[in-house]
Amino acid sequence: MKNEIVTVCRKAHFNATHRLHNPNWSDEKNEKVFGKCNNENYHGHNYNLVVKVTGPIDPETGYVIDLKLLNDLIMEHVVERYDHKNLYLDMEDFRDVNPSAEYISVAIWNILRPLLDDSLLLAVELFETERNFVCYGGPAN
Amino acid sequence: MKNEIVTVCRKAHFNATHRLHNPNWSDEKNEKVFGKCNNENYHGHNYNLVVKVTGPIDPETGYVIDLKLLNDLIMEHVVERYDHKNLYLDMEDFRDVNPSAEYISVAIWNILRPLLDDSLLLAVELFETERNFVCYGGPAN
Amino acid sequence: MKNEIVTVCRKAHFNATHRLHNPNWSDEKNEKVFGKCNNENYHGHNYNLVVKVTGPIDPETGYVIDLKLLNDLIMEHVVERYDHKNLYLDMEDFRDVNPSAEYISVAIWNILRPLLDDSLLLAVELFETERNFVCYGGPAN
Amino acid sequence: MKNEIVTVCRKAHFNATHRLHNPNWSDEKNEKVFGKCNNENYHGHNYNLVVKVTGPIDPETGYVIDLKLLNDLIMEHVVERYDHKNLYLDMEDFRDVNPSAEYISVAIWNILRPLLDDSLLLAVELFETERNFVCYGGPAN
Amino acid sequence: MKNEIVTVCRKAHFNATHRLHNPNWSDEKNEKVFGKCNNENYHGHNYNLVVKVTGPIDPETGYVIDLKLLNDLIMEHVVERYDHKNLYLDMEDFRDVNPSAEYISVAIWNILRPLLDDSLLLAVELFETERNFVCYGGPAN
Amino acid sequence: MKNEIVTVCRKAHFNATHRLHNPNWSDEKNEKVFGKCNNENYHGHNYNLVVKVTGPIDPETGYVIDLKLLNDLIMEHVVERYDHKNLYLDMEDFRDVNPSAEYISVAIWNILRPLLDDSLLLAVELFETERNFVCYGGPAN
């Protein structure tokens, strides 16, 4: 066996609060478009996150990337940043865009991308609930 | 087969925000006891709820209670009440106590108990996360 | 450690079809009470079954009951009997009562009870869907 | 952040009955090929469905597609159509082909495709049981 | 609301290796009784553990027991002890009995019981696999 | 409907023991790189495996591949081979490389590939735990 390309995945989670609201719109339009997600006192989710890293196996270790190291990166740079936070109020990451699951997945990808070796591919999957989830694999070329 | 006592269970879920804070305590004590759960801008959860009703099977239907009816009661009286709400700010249910998983389960039990026939037993199980959950079966005699 | 009472559980599943219908009622009443579950061409479920056996640990093996043996009993007497069957049409078990989750759990308990040693307690949990499930622990004394 | 391509997913479920049978074959061949799935009185499943829609994020809302709208489309056009139905007997969708998981996923894709904007990609994942599932992303070019 | 008795649960997990073998028996009997679980080179499981603590809610906090504290106890005294260990070779806990799921659950209960206030009840649930699990609530009176 | 390309998936599981160790390295380096996974007495996992086969639907059956046949191949060639085994000690498959999740997934792919028709694509997903998993789709061209 040599040089096989494998994807390794690590799951993490964090709890956070958010609210969807477009300040350029009237209250009526916000209420109509975002419904209960526009509640001015916020609502929250247990976010489940899957980080997927693709690359060749290192034959010395059998690893694409040490999952303990990957987990440490996720904990330090993503979970510490978002856990038990109000994503709408507390975070400048979402100053210009809504903290929708879509934009949170993009933000997480943008946080992790520079922390990984350029030879590795990265994708993130974010579950807002068991029934709603999103996937982002980086900007299209 | 006759008069068998069976427990029937129905699962539901709602998303909500909360914060743990005791107004009789100093900020330091609140921070020390509740940690990240004391964040003044709130945090949230996807709550999963299991409602358990115990009683004899009606031989005409094969039901202890029509699960569609039980689901309607849960949706109307619990999910409508708490979904996408800020349990700390919006709800008088938690004016005098913290919206901890423990007290939310007690509140849900107290809401549903009068809606069910006296001959039926009731218990509720509430998952704050996949790893933290509570069960309440009514006041001890 | 000696004589500790432990509950051991084994999960199994089977796929089956059923329909809820009371032949003593009018079509209107059947439709009103059972709704979509009354569909004359049947509908089906992936049933998940948990069998729970309680008793003392045998210090020679560390077992309450050999789970392989328990699994063989479940496969031979329950899964073989109900899997890929039409519970309403094919089974005399439900000639006099509806194949509701409640009565299926009672039927399974009645099948397994005589196959286990009298010193062991038995309970069954039956999931009709992820959201609807029932528990039966034998006739009340 | 702009113009990121994200996949958003929504989960739904329905219960249905089916039977696998090729009317051009002898009973022996049907029995040999389809085994228990050929049972003339049908058997059923709790189908879990994941609908995946890929496209750019709308910066006004943070959405690829409003998941509430996507859910309404799934409920109205797929769940209403198949839930508590006998796919072999009741549905003309499977007049010429077996209601196998493969063909059900193709049928669902064909139902949803014209309801979505042409700029969005669509894929469906269908779980017949926890252990058997299929994915379909549209006809190969 | 006052003095309600609630059960709070915390989930944890650890990976370990074991082997079932009774040194008082012949190789044939060990092979016959324990089958593949008798493999002399061991086999392993991802154990999932649920610790359940029952007691009154403290009205000051809304807690039966601080789940962070309970988690710390589980991590320090159970997970640190068993994670990535060979339960048959490394642990004196199972010198006289097999590291069956039954006896592991008893050992965990015996570890945690003295660490909790006497007023609290304790039960443990241990999943050896998704299909095999056990529950222990302490010695019968 | 004709000639649609669908992916069909089948889930299986096995329990096994492993240890990560590079014999060309010092004990210190092994301990530093592999941490608890280097424990000389091994540790174990419940591996969950998903095998994914992609190809056109056979219009006679509605199948891409008979899932019962696929399951038989997985049981006979993969589960029988690895279940309740010590992958580090018992298996020549991992004589030259570590039994990491990455290399186990490659080994399983290499076992199954020659057993399937050339017209079918193959990918495997292997869960070492709920939080750590890998995917392999064959050697890159």
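To keep things simple, chains are lettered A, B, C, D, E and F as they appear, and every chain counts its residues starting from 1.
Basically, a residue touches a chain if its C-beta (ideal position, glycine included) is under 8 Å from a C-beta of that chain, and two chains touch if they have at least 3 such contacts.
Not measured: the values here are computed from a predicted model.
Listed by label, the chains that touch chain D and also chain F are A.
Of all chains, the one whose Cα centroid sits at the greatest distance from that of chain E is D. Looking across A-D, A-B or C-D, the pair that copies the D-F interface, with over half of its contact pairs the same by residue number, is A-D. In terms of their C-alpha centroids, the spacing between chain B and chain E amounts to 28 Å. Once the centre of each chain is set as its mean CA position, chain A and chain E turn out to be 34 Å apart. If you average the CA atoms of chain D and of chain E, the two centres end up 41 Å from each other.
In chain B, the residues that reach two or more other chains under the touch definition are 130. Shown are all chain pairs that touch, namely A-B, A-D, A-F, B-C, B-E, C-D, C-E, D-F, E-F.
Taken in their complex, chain B has these residues touching chain C: 1, 3-12, 57, 59-64, 66-68.
The residues of chain C lying in touch with chain D in their complex are 13, 15-18, 36-37, 39, 41-46, 83-86, 89-90, 129-130.
Of all residues in chain C, only 20, 22, 24, 33-35, 97-103, 105-107, 110, 130-136, 139-140 touch chain B in the complex they form.
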